[in-house]
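To start, the structure under review is shown below, and the notes come after it.
Going in written order, the chains are labelled A, B, C, D, E and F, and every chain counts its residues from 1.
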Amino acid sequence: MARAKPELVRLHELTHGQFADFFALLGEKTRGATREGKPYFTCRFRDAKRTAALMVWNDGPWYELCERVWQVGQFFKLRGTYGESERFGPQLEIQNIRPLLEADKADGFDLSQFIECSRFNSGEMFAALLDLSEKQIADGGLRKLVRTLLERYAEPLQRLPATLNKFHPFAGGLLEHTLSVTRNCLLLADKYQAEYPNLKPPLNRDLLVAGAILHDIGRVVEFNQDLLTPQPTIPGRLFGHLFLGRDLIRDTARELGDVNPELVQLLEHILIAHLNLPEWGSPRLPLVPECLILHHADDLDAKLEMYARCLTRDQAAGPFTDRDPVLGRHLFKGRSV
Amino acid sequence: MARAKPELVRLHELTHGQFADFFALLGEKTRGATREGKPYFTCRFRDAKRTAALMVWNDGPWYELCERVWQVGQFFKLRGTYGESERFGPQLEIQNIRPLLEADKADGFDLSQFIECSRFNSGEMFAALLDLSEKQIADGGLRKLVRTLLERYAEPLQRLPATLNKFHPFAGGLLEHTLSVTRNCLLLADKYQAEYPNLKPPLNRDLLVAGAILHDIGRVVEFNQDLLTPQPTIPGRLFGHLFLGRDLIRDTARELGDVNPELVQLLEHILIAHLNLPEWGSPRLPLVPECLILHHADDLDAKLEMYARCLTRDQAAGPFTDRDPVLGRHLFKGRSV
Amino acid sequence: MARAKPELVRLHELTHGQFADFFALLGEKTRGATREGKPYFTCRFRDAKRTAALMVWNDGPWYELCERVWQVGQFFKLRGTYGESERFGPQLEIQNIRPLLEADKADGFDLSQFIECSRFNSGEMFAALLDLSEKQIADGGLRKLVRTLLERYAEPLQRLPATLNKFHPFAGGLLEHTLSVTRNCLLLADKYQAEYPNLKPPLNRDLLVAGAILHDIGRVVEFNQDLLTPQPTIPGRLFGHLFLGRDLIRDTARELGDVNPELVQLLEHILIAHLNLPEWGSPRLPLVPECLILHHADDLDAKLEMYARCLTRDQAAGPFTDRDPVLGRHLFKGRSV
Amino acid sequence: MARAKPELVRLHELTHGQFADFFALLGEKTRGATREGKPYFTCRFRDAKRTAALMVWNDGPWYELCERVWQVGQFFKLRGTYGESERFGPQLEIQNIRPLLEADKADGFDLSQFIECSRFNSGEMFAALLDLSEKQIADGGLRKLVRTLLERYAEPLQRLPATLNKFHPFAGGLLEHTLSVTRNCLLLADKYQAEYPNLKPPLNRDLLVAGAILHDIGRVVEFNQDLLTPQPTIPGRLFGHLFLGRDLIRDTARELGDVNPELVQLLEHILIAHLNLPEWGSPRLPLVPECLILHHADDLDAKLEMYARCLTRDQAAGPFTDRDPVLGRHLFKGRSV
Amino acid sequence: MARAKPELVRLHELTHGQFADFFALLGEKTRGATREGKPYFTCRFRDAKRTAALMVWNDGPWYELCERVWQVGQFFKLRGTYGESERFGPQLEIQNIRPLLEADKADGFDLSQFIECSRFNSGEMFAALLDLSEKQIADGGLRKLVRTLLERYAEPLQRLPATLNKFHPFAGGLLEHTLSVTRNCLLLADKYQAEYPNLKPPLNRDLLVAGAILHDIGRVVEFNQDLLTPQPTIPGRLFGHLFLGRDLIRDTARELGDVNPELVQLLEHILIAHLNLPEWGSPRLPLVPECLILHHADDLDAKLEMYARCLTRDQAAGPFTDRDPVLGRHLFKGRSV
Amino acid sequence: MARAKPELVRLHELTHGQFADFFALLGEKTRGATREGKPYFTCRFRDAKRTAALMVWNDGPWYELCERVWQVGQFFKLRGTYGESERFGPQLEIQNIRPLLEADKADGFDLSQFIECSRFNSGEMFAALLDLSEKQIADGGLRKLVRTLLERYAEPLQRLPATLNKFHPFAGGLLEHTLSVTRNCLLLADKYQAEYPNLKPPLNRDLLVAGAILHDIGRVVEFNQDLLTPQPTIPGRLFGHLFLGRDLIRDTARELGDVNPELVQLLEHILIAHLNLPEWGSPRLPLVPECLILHHADDLDAKLEMYARCLTRDQAAGPFTDRDPVLGRHLFKGRSV
């Protein structure tokens, strides 16, 4: 006798032994053979935060469907038991499985559960960034250049991660990072303009704000449209986001026609030099102070996100996190102050 | 016949061929001999911004005074002509010279003309820093620790440069830099507390402010009291300012007795790790996010001062500065925006 | 019918297929599930030199005890067969198992079999080191400082490894290394005092001996008291053993009161600079020759232990060892001379 | 009833599920035990391009033969079914197996199928190299030196790879690389002699050709005679191929007696310095221009082979190859021009 | 009585004590003052290979002309005696001096004597390069792109050095280097096409030739038009020749409209990646084999020119040159073979 | 009237203004011209510790002799006054000068005064080294090899510095360093043989002693016979002392015929690998522990000599030496303990 209809749970919230309904993405389907030569499939189903394996034996009920019908990248509704094994990791035993139906969307299916996302709403972040570009850039030509680029690339800006696996590696991460860097730059621009009032040439606040908003704009053409794991495009690998971002600025400024060429040149320079040192991937050294401010605003924001993510996700016993593979260190979390 | 009494001018404001009265510090006195074997002295007189040579020949009027009386480190009032020679640089020919009199102080002598100083008033900066420590550190014990150290080392803090020849290399530079770094940290602390409201453990604003105020406190014992060119002390060279600054915190906290030991420990950590990477002289990697913020607040402020100083002093023709020897690059100054 | 009572053997001495009694430490207990979803435990039992797995199936005799009673870190007496499998490594099949009894200690249980130890007796090494400190340090204050620290940290000094996985990574390793470095320093101090009799300032033999004895003293607070695998403490990670060792010297000297402050200062310096170069973790360069001697005495001893351990344990066919992962090379062992 | 006699196929050409006869080398034989303690062997059979596992269970028909008779390094004729399993990789299930017979050589066994080889015939490459040495080296003594070395080490030169796993890592690779580098040098020598006709001292074409032919001659004593995976010899590890190659030149020149000693000295120099920079393993910097040409001729040829091999073997989807582990990059293959 | 009219000699051919007529460029004019305060000028006159000083004392005959009329960058005809002094270097004592007259050009003045030039005729090199572009690039669009750029930048290509002080640092050096690199690439392209006939994708000879011709095209906008010592332009410093060269290709291809976009993309890639490694200034790694060939063709040509120049100019006694400051080594020149 | 005959003093012991007789070597003779065009010579006379200039004007008494007769490298007896000038440094004004006479050797001339020498007698050091080789090397063949090399190169071993300007840069320095390193090795060999009695393979004391004695033997052919400033020979620059030292061992062992080839091979290995790391110039990593001991024995001795020399010669005011240009640091000398 079948069990009662279980509740609908998110895959990554299932506990060891729990029987439930859940949606999942088929991320991988690999043919295997037992030592005795019997064929089987290892299917890996996942949501944004967990991947679990389903073994499909050739004498089991799902083999034929699996072999002929199930497609990697397809969504399914499953009913079954979740378990964790030391040797084999998260495992599924299922009672039923079927492809996603249109009706499921009303019934709780939410694409964003399958993609790790920024904590912030992309639309709101984009509106905030656009608002900053409108209010904080005094020069009309430059403002128009920035707004044109933001509007033209609104979709990938809201969708992409900042990087694939270093910092802000989640959907909307590029926008979250860009907005935060821009705010850092505004704070620092105002402070240092006050501190160095007689600097010649003076700090150009417009330039810095525009540079912050566009510093990673090249990412929108560096990565493709794969929603789940964006891949580098051909220009992405052949040139990288510094060249591509500068191209976007050059071409758009040329198209608009009425942007101050000196500003465009400086904007291009701070974009390609904002990684600061050659050993960090910067093809040129920063030759204007705005670029230096942008560099620190950017680097701090990226690193801090890595610290925050490591601290948030860590599950190690003891006062230190496990060694973060990108930061290369154990962070200190066991503090009461 | 003697010329009319000339006006009193600052040494570094004299122009080629100008005859004037001026005060100067005897910075160097070296015995020499001509090719014919006649002895002479090369004396170098200076103020904060220029050094000029006076040749004292043994058949001239000043030889005996120079040999017997004039002391390096002594101030003088001179009357004479200033000239610039390609081969020998700035030169003096004098009509009269005498040691500084007490009365000269009323008559225009100002010690600060002989020392390159911060653009900001040391007393005001110190008051501002003390004020920040009072208002921005909520924890009573930590606040007391910071205030105790500020008050105890008020004099060298107001007198010393931040470094001898890298950044803020002028009297008051240590204080100017410390105040600016603290302000950077406040801006960034407030911003990132808002951005990561759920971080566990949360960003500790007190810790960051205290760390910013004290991050270079070790300098007060790293350098000696030589007003004009502070030299490293014995502990300064044997241990460096990171060890020494941490010692000051440890010893003072122990003395005060009522400072939260966890806060003290974290404060010590962010002090010794704020240079971030081993290759930049940091003996430990930053293990808490406050240290990362402090690092960027500090490094940006130091580098920006170097950019500003290079741009301000540069006299190169063309759109780029001469190569800055510390930054290792030509900065771009020929911009109209 | 049960087999006859087997003899008591050390776990690491069991051969493939041997049936025996042995003591073992439960080092790990992990829950798993078969592909069919049946739960089981993988237990790993070990002594100092071998770890073997015991599979505890949920339809077997030990499942309930394992789940409810057995604790990681607990010692057991086991009776069973040892085997080695290519895929699963060392494996156990047991006939009986029970927790360690007090009486077992009389019956052959020896804690030291479960911890890899120095070849030398810790008590004897400690006595030898204390003896060197008494006889080879002429200055009374310095001698007292060294003795105080040795006596105060006698227990961890005798227990700890020198490092967790680089050199002397076994119980007593810290003491073995310290004693050997001290002896190296004595040999070299005498030789170089004779070779540079007129050096000004002269080599200070007391300083060198005290520096050698205390060069790694910070380890006693860098690591915790976990007998089997000591973990870094909070101060251990936040500051590292160089800062912590210097703290011990500073605080103890202050407490004792009658130690020559110049000697203390030099001792602190050679402690923090004995790693020699920044790229090897030294926060300061050695500024006195004693530090240089200490560095070589230390580094040679550490590296030589790594060579000896690699050569001793290696089982590779052919004239070279397998690549040592720390040394990064294959050592040459196939020589007859 | 046995199946019909299958056709003879190469191991690496078998497809999943194919039943066939094939020759294979026993590359590895490891004893194991099941969780239940039953012994078995894992045997790995291979040809030049594929390795497949055969599990020999102790209750199966081959256990005794496997345990007592089968030798690693021996060739066999097998009849069975090939399969691929995700977890266990390529697997074999066999119906029959016997050691190679002499008659098999007439029946299709070809040793070269078991060794990855150069695309070019070794004998022809060797003849071509010898021919270059005869025709392109004008100096009689030098020509004799080169020919003597080529003839003396003809066998290993034709058999060895250029390196074990960096470039030209296949039998005959050393010769293929040497011939190609020599041809590069000839092209460049002629070009640059024409371009710098008045260089003093002039480019010595003989020296460059001899250097190219002999630049890796030390490999012939650096590696042993293991046909399938040559291992470093004792001198190979203690000295490396630069020292050993120079020894061969020195000793042979001394033996021949009539080679211009200046030429020998320069030849030795360009051999030991052709890796150019210390960070690439060169013990000396190139001090003559011939060495620079040799360096580029060599490095380009090595790297280009790596590019070609990566592009040829890559099976990644998309326009880029998988990351090449030696080159450290994804090559671009998705081009139509 | 004046001496007889001397012969006309080149400045750099004058010997110690020789009295002669010669043309020279006034390269520097600096005001000085003697120790006694008397003003004078130090003028430095030069041709392509020598600079000599003329002291113009204020009581001598040339002071007024020098102060008021002589301009740096102006050419003069001088009559006087050349001498060399250890302390002051090459010196002039003149009997007469006047600005260059138009008639002097007929009388032996040759501008090229004042600029160090390529050994080869610029016009002929340019014709040869154009010819290669016509004959060796099969693709019509690509050929047109290359020709357009060559013709558009014919003037600076023929005038500029390849670099200011590393390799080919003389007028026409950019063209000499470009032509030589192109020839290298042709040789290597033909050879490696033959060696890897089945490479997929195949080596694209057109791409390689176009890449060679244009690899340093960015130099034409990196440097200004100063004939004697070209200076970096603003874009030159802000972006460098890799970015600028790619811009020229992109913009010209867009303008022409009918160039295969895949070829343009690959051409841009090999241009920006031809420096190979990030530590040598390459912002991207080479992802196609053509880029690797271009890299070696370029680097060998640059380094070989440095070797040749060092060997040609060196005047050191003994078998080695003085240490070349760029190469960082003493080259071997004392060979008879 | 001439002054009374002054006493004979060493050049480097003369004080400012002292009139004396002294011997000196003419180290440099350079022709110059005054600004007025009058020729003169600058001659530099020196002994081991000081160089002083003599200006020979063409209207003075020594011009003709200087021009025609005086040779660089010749010794002279001078009578005159010594002076020191800030601008021109040590200067001489002479009353008389003549070439060295044979009789002067009886009268106080001592060649060693002109060469900086080891503090130890070369003959005694050589005897001591020979004695160590006889008594401390048990293996007859190895002992004979070492003795043969010592005897064959006794002269350069006693004459040469260890390096030109890094450590032991004075005559006899090679021998002083070699003897000291050998003694270090003996101390460490005995200690570590006792500490690792069961090491397999055991430490070979003979090998270590022989390696120590011969570790820098290549220097004897790396440098030429110039007594005052030895220059690298052609093989010295083309191969360096590691290759050359190994050649001496190989060739001599082959010549002697009865040396254990395994010992020779190991001896060659520890010679070429004793610099330890590639970044320090070692072409191979040490693969036997004897090489590691030799490395530390060598490196410590070299560095300690640099410390001692810096401390001994330093004249800086204050507690630290001037920055040592090779060590790159200020040593601490201001200590009373």
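One rule holds for everything that comes next: contacts are C-beta pairs under 8 Å (C-beta built on N, C-alpha and C of every residue); 3 or more make two chains touch, one makes a residue touch a chain.
Quantities reported herein were computed from a predicted structural model and do not represent experimental measurements.
Shared contacts of chain A and chain C, meaning chains that touch the two of them, come down to B, D. Among the remaining chains, those touching chain A as well as chain E are B, D. Placing every chain at the mean of its C-alpha atoms, the farthest one from chain E is found to be C. Between chain C and chain F, two chains of identical sequence, the interface residue sets overlap for the most part, with shared numbers making up over half of the total.
Distance between Cα centroids is largest for the pairing of chain B with D.
A separation of 44 Å divides the Cα centre of chain D from that of chain E.
In whole angstrom, the spacing between the mean C-alpha positions of chain D and chain F is 48.
Mean C-alpha position of chain C lies 63 Å from that of chain E. Across the assembly, chain F contributes residues 234, 237-238, 266, 269, 287, 320, 330, 332 that each touch 2 or more other chains.
Under the contact rule stated at the top, the pairs of chains that touch are A-B, A-C, A-D, A-E, B-C, B-E, B-F, C-D, C-F, D-E, D-F, E-F.
Interface residues of chain E, counted against chain F in their complex, comprise 16, 55, 81, 83-88, 91, 93, 318-320, 330, 332, 334.
On the chain C side of its complex with chain A, the touching residues are 30-35, 37, 42, 231-232, 234, 237-238. Per the touch definition, chain E reaches chain D in the complex via residues 180, 183-184, 187-188, 191-192, 195-196, 199-201, 204, 207, 260, 262-263, 266, 269, 285, 287-289, 292-293, 296, 299-300, 303-304, 307-308, 311-312, 320, 328-333, 335-337.
Of all residues in chain F, only 234-235, 237-240, 242-243, 246-247, 250, 265-266, 268-269, 272, 278-279, 281, 283-284, 287 touch chain D in the complex they form.
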